[in-house]
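Going in written order, the chains are labelled A, B, C and D, and every chain counts its residues from 1.
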């Protein structure tokens, strides 16, 4: 089968590799029809993780079930399914408690909880930027999609990661209807956080970024765009909230945050959130941070440490939730919102491309070129 | 009246000062019968805050109402009351939502939410290490005590701060019955966190400290003491929890944490918690941290920043709650536990002293002398 | 002053009565500018409660503060305020825990928690269908309104009762974004429940009623109207939810529910909810039920008992929350949604009338005449 | 194999039946070592349900895994396991959300969610009062027990139903540490509710029953026994709670409740709870109620309806959760409490008997004979 293979920093190609196949009786085999490039793929693409050469990218996947193992009961051949990016067993303590983001069984490293398709440190699972994908524990891991799934793939494909991830940021922040929220980062996850906050009844949603295409996308759904290359975002948020600060904040950038002048600083967005969120407010952090970052810009960053304004964070009595999203906690309900036409997350898609054009797509997306807001790859689509 | 007055670093005396009195119709005047020295008093005593000279210490107060303002309806002369250390108006947005720890009205500084008796940056309110205390918004702020209050003051006096504060740490950690918790710091607040975790049904409670008297107190109520001057506390916790780490963690030390060799390090306990708490676990931080610390040991500390293992914190998907405790959220229920003889928080009291001996008590307690675990001052007691 | 006075079943008049005035230092005196007739006024109007003759109706009030007592600090003369229908002291155990709907102090009957303006069994407080209203505990009970309050009174007047009450029904049902909900009753509270469910991100909102004007109002905001005089509402809900039943249900009718043939049956809506809500679903009941109903249609009803399908309720593992709404829990956030133009609850208002026309308005509204969906009275408006 | 087979009202025998065996790749086969008789078995034993003749009883099971299907990964031959009474697939919407009590897949009746071993209306699953039990979806459904499981079976056997069920009643009531609770019914589930409330830090736990052995058991763990054949339980609870009523209530009797004079009344305990729980209080109902009860004492009871004091329930603003317990939500944590010697639920066991003595045990237990508080059957134990 064809697949997007990593060959070292900023070097991917579409290669012919052995077909994915059923390996265990609980597996399903899926023919991928839509698979996104994610912002977190770029950390790996740039060589800022220990993602191994030769592995396949892709953790935002939709496709059709073409074969199931003997123990699979719920999922059937012919079903269109969304595969949450988290690979999860369904029966460990964390999965049982809904924490499928930290499955204790799917990652063979006994020191790490959590697994994902095509992801650094998240187990050996091949990604779905390919013609076929093996979905383990398929009855637990696959979400069946409704009848309009073939026509509305660019909406449903967001269910495997970024829509739930954006939603999770908002949920962890503790947002209640009528409250205000500031979202740092207007990339795909930040946009989905904005969409989620609006869906949950926020009275004001502010999105901080500096790329015109992203600021425009946020504005399109009714959020207030804040250009941090033009204004001080902390001051702006405080002005927009009667001098108090936003009730809630969402971090949707991660450890490779840069200031408007281009300097990388892993504590920048964290400290901006502490400063722009009110006393007693909540923060949800879904941007990726890493325990060790050998390529980081200084010694503390290399150790995975941030110069965090902890004194201010504590003094303001804020709370913070972190980590990858437990997609299964949200994907059924978000599926309903799509199916009932309450939300249309595909508004951020800028490019629908055949799988073969993945290398160029990675290049443009990594360069943050204007207008490349979100790429959906379609294996099998004529190149 | 007599009161404990601050005159600069490590310099307090019991002075004659003007009597506290009713100033507004919602005030009550209380004759203090028991008032504790708190660990957070020591930050001020040592000159590590901007607490003003001439002010009165004391935010853990019990006493008898001797006069009430015209608008006071619930509290009556003769009532024994506990005064939560948070001064709170009862009618701002935060108070209404139960966040009396961050009252938006009781602190005249418009940039700071939250007020307290005799506390740096927490408004002008005089403390209660004195013969009389003015309790503002008395119907809202005073908790009436049951009939046995006069006899069991050393239990009930814990309701104004440290018992709810320890409880709050556990609550913010998200502890469920049957889970494990590690508590960093075996001072009075850490002990109360241990008592709270046991009361809430923890299956294992581990308290990390290095002072024999404190380790002994923890053991007395059924917690497991861990001496971090003898063993590596992170490794010990992980061993005690099947290699997974504790389900929950509580920070009860604060920014002046020292390692066993005596070096101050404001990120030490935070990073130990991140390391010893499991993936998906929760942390409650009630030890005091400050936005600016001019007396801190290095530049980052002076700016109120910590070298926080944020990468690890995020990678493990942990969450953290912080800040001072909203005493009123818990004090009624904790009062019932005392009244029904389910808990006896006075087990930590090492010294019951007349107010006049406050200066010596501060000196011994600040020196962390063996056996000085908790001091209760009794104005009016024969010296 | 002029006020709407009750003189027995279906007999009200606008009488000249003694002016409301400041009686305690914590009171405010408010000149009423908008005051609604509520569906629960009709229980009293019809003589189905023990509301005393000579008392003033009106618990949905907006107005301008004209005088404050000596102890009032937050509310000032000239402020436009919304007065939650619950009278609450702010300092009893229930108020402290946010349960202002069950204040233990504002109702002089020691066996009853909860008080309200102009309401049977809810204390002696005069209502606000009058030129002046005394608001006790004004700093706690009055919600200040933003600058546009004078122009948008028909929106803000909903904050004192029906908007929060509809919201409370949805909240108690446990609705999560993406879920479905069925609302029994399309009166003003049912409409607000629908608006709330939409605001909170429901994927499908179904409103059951039989009055064309109400069904039309529900449809206007995107809810699905179900006419129970034309179809079986339980079967319709089940069909609309893939045979499972709605995730959540809201009761917005109360003990005087009638079937489409006109028979009163206090268990009808309850049992319909049990049948139309799914296994594990939640139900919020804000329609009024009474412990004793001497005018009820049969012996069980007279004793306040319902023939409740408890076996089915239990077998399906449903849960239910009940009772009057704690307005203060929600009114700040709902105020923000109005102020930020996210919702416009005045869409249900059919009549803006001077206070003098209250008697006719009661007659038409009580008769459930087509087009009389919600009446706002304006004392001081030219008759 | 030998098994306890139902042959009609009050007629069971230990018969030789075909061995349970692996039927699907996700099954495990368990050799039962301990299996309780449950109070809900008695509803079936008495013929008050449509439990089919020829079926095997037993849903509280512990045993050793003797064979596993090809797809089973976590559970191994030789493991001692507890099988939650709920049979659940692990991958339907309800299971995913932790509602394994209402699995949508394990019960072949499309109108019923929820399945159980040896239980009326709960699917075809044979019970475990037998030498062997087939455990479907074994990786999801079986809880592995620690090393001391063979020695402490009478403690661990409570994990499959009554300990979590009692805990669930308390959890649904909303009990917070320091609150009071009244538990109606001192049978095994009621005792476990009392143990759970104590473990969760209740300040006062009241258990209402009339059997001296049960009242004694409650007293042994520190609960207050209330004999409703000697005193009015509602008045007693109100006296014990300062005239307010208990904060929380738990129903642990079910639809076959009898008054002290022996009359069956399915609304008795419900109405007593409404009356003895305070305004705003919560109630958890785990006693069994049925949608249709052909053997009920009157027409309403036959229809599964109760004469419920709904008016009072609503007027007091109470809330109620109902239904069978989702055992998996609690069993890991309760296992830890047993393993760490924090609780010892076996204190209620009155009889450890070989399987062969099941018929006599049913007879004595059903007759509510003094001293027959809980029977554990041990297949394989010498008779």
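Here is the rule we go by: contacts are C-beta pairs under 8 Å (C-beta built on N, C-alpha and C of every residue); 3 or more make two chains touch, one makes a residue touch a chain.
Predicted, not measured: the structure shown is a model, and the values here were computed from it.
Undergrad: Treat touching chains as neighbours: how many steps, at the fewest, connect subunit A to subunit D?
TA: 1
Undergrad: Count the C-beta contact pairs for B-C and for C-D, then tell me which is higher.
TA: More C-beta contacts join the chains of C-D.
Undergrad: Taking each chain's centre as its mean C-alpha position, how far apart are subunit B and subunit C in Å?
TA: Their C-alpha centroids are separated by 42 Å.
Undergrad: Rounded to the nearest whole Å, what is the centre-to-centre distance of subunit C and subunit D, using the mean of the C-alpha atoms as each centre?
TA: The computed centroid separation for subunit C versus subunit D comes out at 40 Å.
Undergrad: Provide the list of subunit B residues touching at least two other chains, using ranges where the numbers run on.
TA: In subunit B, residues 332 touch at least two other chains, as defined above.
Undergrad: Which part of subunit A faces subunit D closely enough to touch in the complex?
TA: The contact residues of subunit A facing subunit D are 24-26, 69-71, 73-74, 89-93, 96-98, 105, 139-140, 328, 332.
Undergrad: Note which residues of subunit D are touching subunit C in the complex, please.
TA: 94, 99, 101-102, 104, 110, 112-114, 172, 243, 255, 266-267, 270, 278-280, 285, 288-293, 300, 303-324
Undergrad: In their complex, what parts of subunit B are in touch with subunit D?
TA: 176-180, 196, 199-201, 203-204, 330, 332-337, 339-340, 342
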